[in-house]
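There are two complexes below, and they share chain A, which is joined by chain B in the first and by chain C in the second.
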Partner chain A sequence: MPKIKLAENTIQIIKDICSEFNHSEGELINVLHKVQHTLGYLPAEVQEVIARELKTSVAKVYGVVTFYSFFTMVPKGEFPISICMGTACYVRGAEQVLSEFKRQLKVEVGESTGDGKFSLNCLRCVGACGLAPVVMVGEKVFGRVSPTQVKQIIAEYREGCATEPAKSA
Partner chain B sequence: MDTVQLTIDNKPVVVKKGITVLEAATSAGVHIPTLCHMKLDDLNIENKPGGCRICVVEVEGRRNLAPACCTEVAEGMVVNSHSIRVINARQTVLELILSDHPADCLICAKSGNCELQDMAHQLGIREIHYKGEQSTYREDTSPAIIRDVDKCIMCRRCEMMCNEVQTVGVLSAINRGFNAVVSPAFEMNLDHSVCTYCGQCVAVCPTGALTEVDQTAHVVRALSDPDKTVIVQTAPAVRAALGEEFGLEPGTLVTGKMVSALRRLGFDYVFDTDFGADLTIMEEGTEMLNRLSRFLEGDESVKLPILTSCCPAWVKFFEHQFPQLKDIPSTARSPQQMFGSIAKTYFAEKMGVERDNLIVVSIMPCVAKKYECGRDEFKVDGNPDVDYAITTRELANLIKLANISFDRLPNEDFDMPLGESTGAAVIFGTTGGVIEAAVRTAYELYTKKPLPKLDFHELRGMDGIRQATIDFAGFPLKIGIAHGLGNARRLLEKIESGESEFHAIEIMSCPGGCIGGGGQPYHHGNAEILKKRQMALYQEDSNKKIRKSHENPFIIQLYEEFLEKPMSEKAHHLLHTKYFDRT
Partner chain C sequence: MTDYKIHLLICGGTGCKSSESDEIKKSLKYWIDEANLKEEAQVVLTGCFGFCEKGPIVKVLPDNTFYVEVKPSDAEEIVKEHLLKGRPVQRLLYKDPHTNQQISDSKGMDFYKKQMRIALRNCGFINPESIHEYISRDGYMALGKCLTELTPEETIKEVKDSGLRGRGGGGFPTGLKWEITRNSEADQKYVVCNADEGDPGAFMDRSILEGDPHSVIEAMAICGYCIGADKGLVYIRAEYPLAIERLTTALRHAREYGLLGNDILGTGFNFEIDIRLGAGAFVCGEETALIHSMEGLRGEPTFKPPFPSVAGYLGKPTNVNNVETFANIPVIINKGAAWFSEIGTEKSKGTKVFALAGKINNVGLIEVPMGTTLREVIYDIGGGIKDGKEFKSVQTGGPSGGCLTKDFLDTPIDYDNLLAAGSMMGSGGMIVMDEDDCMVSIAKFYLEFTLEESCGKCSPCRIGNKRLHEILEKITKGYGEEKDIERLKLLSNVIKDTSLCGLGQSSPNPVLSTIANFEDEYLAHVQEQRCPSGQCKALLKYEIIEDLCTGCTLCFRNCPVGAITGERRQPHYIDQSLCIKCGACYEKCKFNAIKLS
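Entry: the complex of A and B
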């Protein structure tokens, strides 16, 4: 794994977040949430700082990061795309929607496009089963998505996303 | 004492409140099978994740089956440990575990010593009804330990040892569900991690997922090479445990049989690491006295306490975790390495053997010794002072391979000169032993008076951290002892915070010291075995004619003929070392 060197102020941000949670090992998940929210992702070097600050082992931190699919060690795209693979979405064709995203963006699940615009991930149930199949782009939820709409969704974001996408729910 | 009455398999039992159904059943003579659970009494070591579900029992009035290892007893509880429902569940659970386990028992390193294999036998598994995908993972080989994760059953014992007992923190469960494995951070290999190679993960692994790097084939090859002179040294803890591999009662001393077995294997000279231990005491004891007298004279540059440095896992631990303390441990090499260094210089010269044609093999209770003998500072032009370090278990395998009937072997003595040793060296194999040996010598060198008594009971025992003050003719010498790296960490933190003050500290990485080493016959969770090995070493010590290292006649001769005096320039070059910041 190539090593990256964290900037001093990045380290300080992580330390501040750990202080906010009193450097308590029991707050590991909350710390990871906040750090990911702030930095966008949790590379190895960030996990090392967190482990040191919370006085726990890097292996434990890595164990938690790899257990929860929410946490990511690769930078997410500017527009992170998540396809719900929960039961309702799955039976209503989420898999075909996913393959269309993979085909259009030329990336696999967990990867980002070369220009850093999009990243592709799966998640389990966002609680909008009535709108199945559901796709999220950033915080925005798209409902009843069919594979034919995929191209249009991508295009709207690629072109700057000035207008509200037509099919958002 | 609060008690609880319950019924286990129709038998009324009264037990202490708060204990588990498993413990209550054991006290009533009911043996409930377990797989992930492991408890080492008196050492405060317990693994109880309740994960494997092999120990399930039926509790009347409860809808589901209860895991006995983590279900507390309750008043009036009615437990059935072998109803048909329980047996079916247990067999199903085991079949599911086996359905994701390679069926290569015939050629597995753990065969015959595998708790999973034993369980399949005990539960009468004759068919695995569940066929499905098997998880696969790359094999990870390091200088001492091999991880074959395909054989892991996620009992989490290794993780508990690595994190809670040793506080090394290399191993953790990572990923989720079917993809979950126990691994170092970022799935790096062990040799890139802060692993100390203490081998306690190997000591508790119920299957073949964690094993030592087997070097017996190299030893066999060296023994059959007519151009090589092959000599062997045996660590003190080996003689107190080797017999177990041949069905002898734990705690049976087999020193004489071990020597004759090694001779029959073809070693040209059978020597003793205990000689190296006596030499360690001469060097380390002198270093301790030097530091102490300078300290008493008011020299503020002196670093105290002095820490022992015999244990390679402990050395690697402080190099990673406490690099700021790397000036405190004694610079004395471990007995294994002192022996190797003397063997390839003094002894090789005496015998007229070229260094390259002398092979030094050591028999160790330890897997970290494999790593230690490969460290660059213990090599001369790439040739290591110790060529191969094999474990007690590997020696047993060699003896079996050579068709030797261990129980019928006569008792034989070590060869001279590097086979002579004292009682002080023998107790190096147990927690408290190194410091007791050092005290015996340092006391006499310091006070110039004979010791009034040789047995220091205040230094013995199994408590994780112990302290004692020894009267050095009016000077109170404060001694600390820790075994298990977690205890070592706690002791070091107390020293750093100024909470505790010591003059000398002994640290051994494994619970119980080398008798509980990662290369010893598997204890399978029975701490009594460790205590019996410990008693055996103290017994061997009291049987010895000479019990103080500085009275070993061949040690005296070695200094006269070769080394001049302890801490001489030559001794410094051959018997001392330096440490590295590995952060």
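Entry: the complex of A and C
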């Protein structure tokens, strides 16, 4: 991965978050949550700053970042698409929905489209099992998605969200 | 809830919220204002009603009218017809699928008839963001009773006598756990609430936290009083933003009312609760892993003993209980151990919440007395199998549990019976499968989950599950041999015996239980290279029906591997040894002349 240089104010943001948690090593996960929420992702350079601030090793920070699936070292797309792969969704056909997204976006799970608009991920159960299979685009939940609806969902986001987003069934 | 004559309760659980229940609330409010009913009718966003399949749900009190699949555009009619003219909107009532009768009162619905709500007592009744409503339903009464009338020992005895067992999966007696933590000497102790509900397809804990967060707060304070802790922590999944928000609000209210903080109710008892966020690791449901994660470390389990009750968070005695376990506590204190232990079976007392999902008509959140049979849950409450298909299996206990066949339908559900049947209670996920589900693929699906979630510490779990997955992959691709079934069993047992934590020890359960209960399906895969439910694509055979084939050559031209031969205007043939099962011919054929078998 090419090295990136963090802007001064980005470093300041990270430092501020660390002070908010009293530079306590035990708060590492909370710090990571907040930094990722603010910056979108946690590249190696950001982890270095956090390690320095919390007076711990970069290896430890990296170990934690890579352990938990919620943390990502690569930026997500403008519209992150997550397919629920919980059991309830799986038995109601989530796999077919996922393959259709892969086919339409021409990306694999964990990748982003070339234009940075969409990224594709799987997640385990959002708890809306009554609406299975479930797809999330950003914070919006689409329920009872069939492979035939996939094209339409993508199109609505691709053309900009000016119009009403697709109704969940 | 005293001033208003009419209450409109709208489900604000994750499922219904995704279906615009916020919009419905807005719309109802608008029409209530229009009708000048602002002084009489109140709109309340509540927790989950449980009947997710038919969401969003709107319930009208006091007449208990239960509207299903409500849309924002229905609000006008509800207000004008029901509230103003007293005529319930017929088309929004639930229709009993057997009798085709419309049922207006939820108590008359099969879905609710056999349920008994203890942990979910307030879900769908109160506004989870209002501490007043919780208090009006006996909230914080149990805490008051413990602090002023009972000693910690007496409270623990009450919990012990109730027979309550941990609802997170293991089923360890809760009172005993409290007693052990109480007896561990230390200057500081902790109460931890495990809300890291990771089982795919389970949403019990989330619904309780979203619908009734104060019940958990109250119980944690009671636990703190009993074990001698003044600090509580809730470890909650970051994937549950709504639950986090409601819990945060509830904590703030409890502090404002002096029900948390210093000198609670003037008794000198101090208790404070913080929230810790999970970050998406299933293994953190295991208590030692959870504690490490709260300390800011990788969530890897460690050897027990020492148990957390002796040395847990930051090395101090820590009592870890799950959300549903806590939600039972205030009721036990209020109504007494004797009342609680009347419910359930000999060794499993009380009720259990299940998240009923999969191929079932009434997906939802249910709570039934222990000892209810699977048949009652699936057919009476769940309304049977979707689309009239045949029941094949029910999976309980998530990735650690097993798949049960129809032979177990009349088994009363409790900890011990499920274990004896080769599955487990787990946290309460219950996934129903029908004839179209391939059990080998299901076992593979669960292993994919375990593979991703194994923390990697123990080789049997990290490498063994990978090998199990490879063998299953081989079987579903049609390259399996009979010896593979023996290999699966042997390896599974080694993984069970040699892994450190519950995740590894139970990870092969889906494989073992499907082999035990559906061996014929495995045999069909390995002996005949056939998938009885037609789910394993690689085992499907594409064939051309001679009578329907017109010899248009479209399939011949589209086959990427040249497996199709035939003369123009003559029936074509597929050479099975060359076919890669891509399905191109099947998609292209205009005459439905290609069949799958």
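As a convention for this text, the second predicted complex is superposed on the first by the 167 of 169 C-alpha atoms of A that agree within 3 Å, B and C clash if a C-alpha of one lies under 4 Å from a C-alpha of the other, contacts with A are read in each partner's own complex, and residues count from 1 in each chain.
Here is the rule we go by: contacts are C-beta pairs under 8 Å (C-beta built on N, C-alpha and C of every residue); 3 or more make two chains touch, one makes a residue touch a chain.
Keep in mind that what you see is a predicted model, and the values were worked out from it rather than measured.
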First (chain B), second (chain C), both or neither touched by A:Ala7: neither
Partner chain(s) touched by A:Ala44 [first = chain B, second = chain C, both, neither]: first
A:Glu27 touches, of chain B and chain C: first, second, both or neither? second
First (chain B), second (chain C), both or neither touched by A:Ser57: first
First (chain B), second (chain C), both or neither touched by A:Ala132: second
Partner chain(s) touched by A:Phe67 [first = chain B, second = chain C, both, neither]: both
Broader residue contact with chain A after superposition on the shared chain, chain B or chain C: C
Intersection of the chain A residues that touch chain B with those that touch chain C: 63, 67-69
Contacting residues of chain A [partner chain B, same complex]: 1, 44, 47, 56-63, 66-69
For the chain C and chain A complex, residues of the former touching the latter: 14-15, 18-20, 52-53, 55, 198-203, 206-207, 238-240, 276-282, 293, 295-299, 314, 355, 357-359, 363-364, 395, 398, 429, 431, 433, 437, 442, 445-446, 449, 452, 455
Parts of chain B lying in touch with chain A, wherever the complex brings them together: 163, 168-176, 183-186, 188
Complex contacts: residues of chain A adjacent to chain C: 24-30, 32-33, 63-64, 67-71, 85-92, 123-132, 134, 141, 143, 168
